[in-house]
Amino acid sequence: MDAQDVNYREKVQESFNRQVVMHTLGAELSIQGPGIVSIRFPFQPEYTQQNGYIHAGIATTVLDSACGYAAFTLMPPEADVLTVEFKVNLLRPAMGEHFTARARVIKPGRTLSVVDAALFSPAYAEDKPVATMTGTIMAIVQP
Amino acid sequence: MDAQDVNYREKVQESFNRQVVMHTLGAELSIQGPGIVSIRFPFQPEYTQQNGYIHAGIATTVLDSACGYAAFTLMPPEADVLTVEFKVNLLRPAMGEHFTARARVIKPGRTLSVVDAALFSPAYAEDKPVATMTGTIMAIVQP
Amino acid sequence: MDAQDVNYREKVQESFNRQVVMHTLGAELSIQGPGIVSIRFPFQPEYTQQNGYIHAGIATTVLDSACGYAAFTLMPPEADVLTVEFKVNLLRPAMGEHFTARARVIKPGRTLSVVDAALFSPAYAEDKPVATMTGTIMAIVQP
Amino acid sequence: MDAQDVNYREKVQESFNRQVVMHTLGAELSIQGPGIVSIRFPFQPEYTQQNGYIHAGIATTVLDSACGYAAFTLMPPEADVLTVEFKVNLLRPAMGEHFTARARVIKPGRTLSVVDAALFSPAYAEDKPVATMTGTIMAIVQP
């Protein structure tokens, strides 16, 4: 896949920096290339559920941002990015000192892109994600 | 639908109180009855995305807890509750001073329950939710 | 919701008539109004799974067409209709002499519409659907 | 992944043979090993939608059976198999002379398994599936 925006790294990082929730969660973005990004964030007890694991919705927050920014790397300069919908499967308890959401565009499109993502923890083997997401991401171009 | 646990309100509220993330988000639970709960939380700028709206994952956090606790109201005393998967459609920007996630069990089951939820904001009419979720919730009974 | 195409009933029925699979399944369309359609089809043993019930994918076929045509009723005359994605929950065995898929647009949009549908059988009470679908439907306008 | 049933190939093939809809669609099962199966079926005009492509629900029928049987290969001898829910993304028009659904268990479980599948056509390159599915499959053990 090719980027349509030569400045896609700056554009994506700048948008990420404006997501206040990413700062709040201590999340850091890595842009691997067109269509592929990852976001890492630490365990924080403020975001746990009743058994002491990270809440599925917090995992989803980072998975969704990873999907959105993976798609955003491929969009033209004038486009904004919007998540339409996503589906999450929760496979294992979200335990560990930190987590990494890895997202990859599996079908880029002019209007809609489909992105797969998974959340990994050092508490599990590399082929055993905590959760998976499939998301539909929309490019919004103001007329 | 009938509750199997006469103390279901205490059980559900006690589990909710242990979800640290709910305290962090300033969320409050209301149990309407067996199979129906709602959770309200305020707008907080710490949880916004790049356009100043509440991040879809934070909306999902509260929707997921609402689905889980709606199902939990119907479970037997010895069961614990676990979300298996969910699907979220993002319908409108999550703007407003506060939000309410309303969840209702549409198919209770001994092992699996299906729950529908929607997130509402005073910024929109009552039939115009910010987001909708369908979730599959599992009862875990230790042998 | 208002139709943008005064001839929406003819347009939708004509497209339905071209879905050969609907003839194959013996399905019949009813257009209740803008944003609401239903499709009825009979039990046929050719479409059963290993326990003698209608296969979930056949139920999905009719649910998907119902979602698509519900959205199509609201689209402008020049638009074509395309399903982007759907999520199905299978709630009860698909038994009965006939089935009716009822679909309703819950969020119309210029490009994307979100539609909820459920499949009903006379084998169950009216509030006990066989399956539910949430689908994202796209309006395709040729430039 | 290891099979718990030494006769898993016979068990899976025998169940597949009882799915009348698979005969109707001309579908053939291949069991690659524990947790991995594929199902191939030909283009038949009886199963097309309004533009002459195979209907998304028919693609879903085969994807769902592939997911179910992939999970079934890993279940104990006494278990029956049931699909709980699935999510499908429709990526490209279902054109081509034949189609192959490939399914792989990504998370086996005693009660629930999560399975990914994709549908391929010779009309597209090998990394360009027609559709993708993530399904949740349940093992039913009669007490």
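As written, the chains take the letters A, B, C and D, and residue 1 is the first residue of each chain.
The rule is simple: a contact is a pair of C-beta atoms (placed from the backbone, for glycine too) under 8 Å apart; a residue touches a chain by one contact, two chains touch by 3 or more.
Computed from a predicted model, the values in this text were never measured in an experiment.
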Higher-contact pair (C-beta pairs counted), B-C versus A-B: A-B
Distance from chain C to chain A - Cα centre to Cα centre, in angstrom: 32
Inter-chain centre distance, chain B versus chain C - centres from mean C-alpha coordinates, in Å: 28
Centre-to-centre distance between chain B and chain A (centres being mean Cα positions), rounded to whole Å: 22
In chain D, residues with contacts to at least two other chains: 84-85, 87, 89, 114, 136
Graph class of chain-chain contacts, one of line, ring, star, complete, other: complete
Interface residues, chain A side, partner chain C - complex: 84-85, 87, 111-112, 114, 136, 138
Interface residues, chain D side, partner chain C - complex: 15-16, 18-21, 24, 45-50, 55-58, 60-65, 82-90
Residues of chain C touching chain B in the complex: 87, 89, 91, 106-107, 114, 132, 134, 136
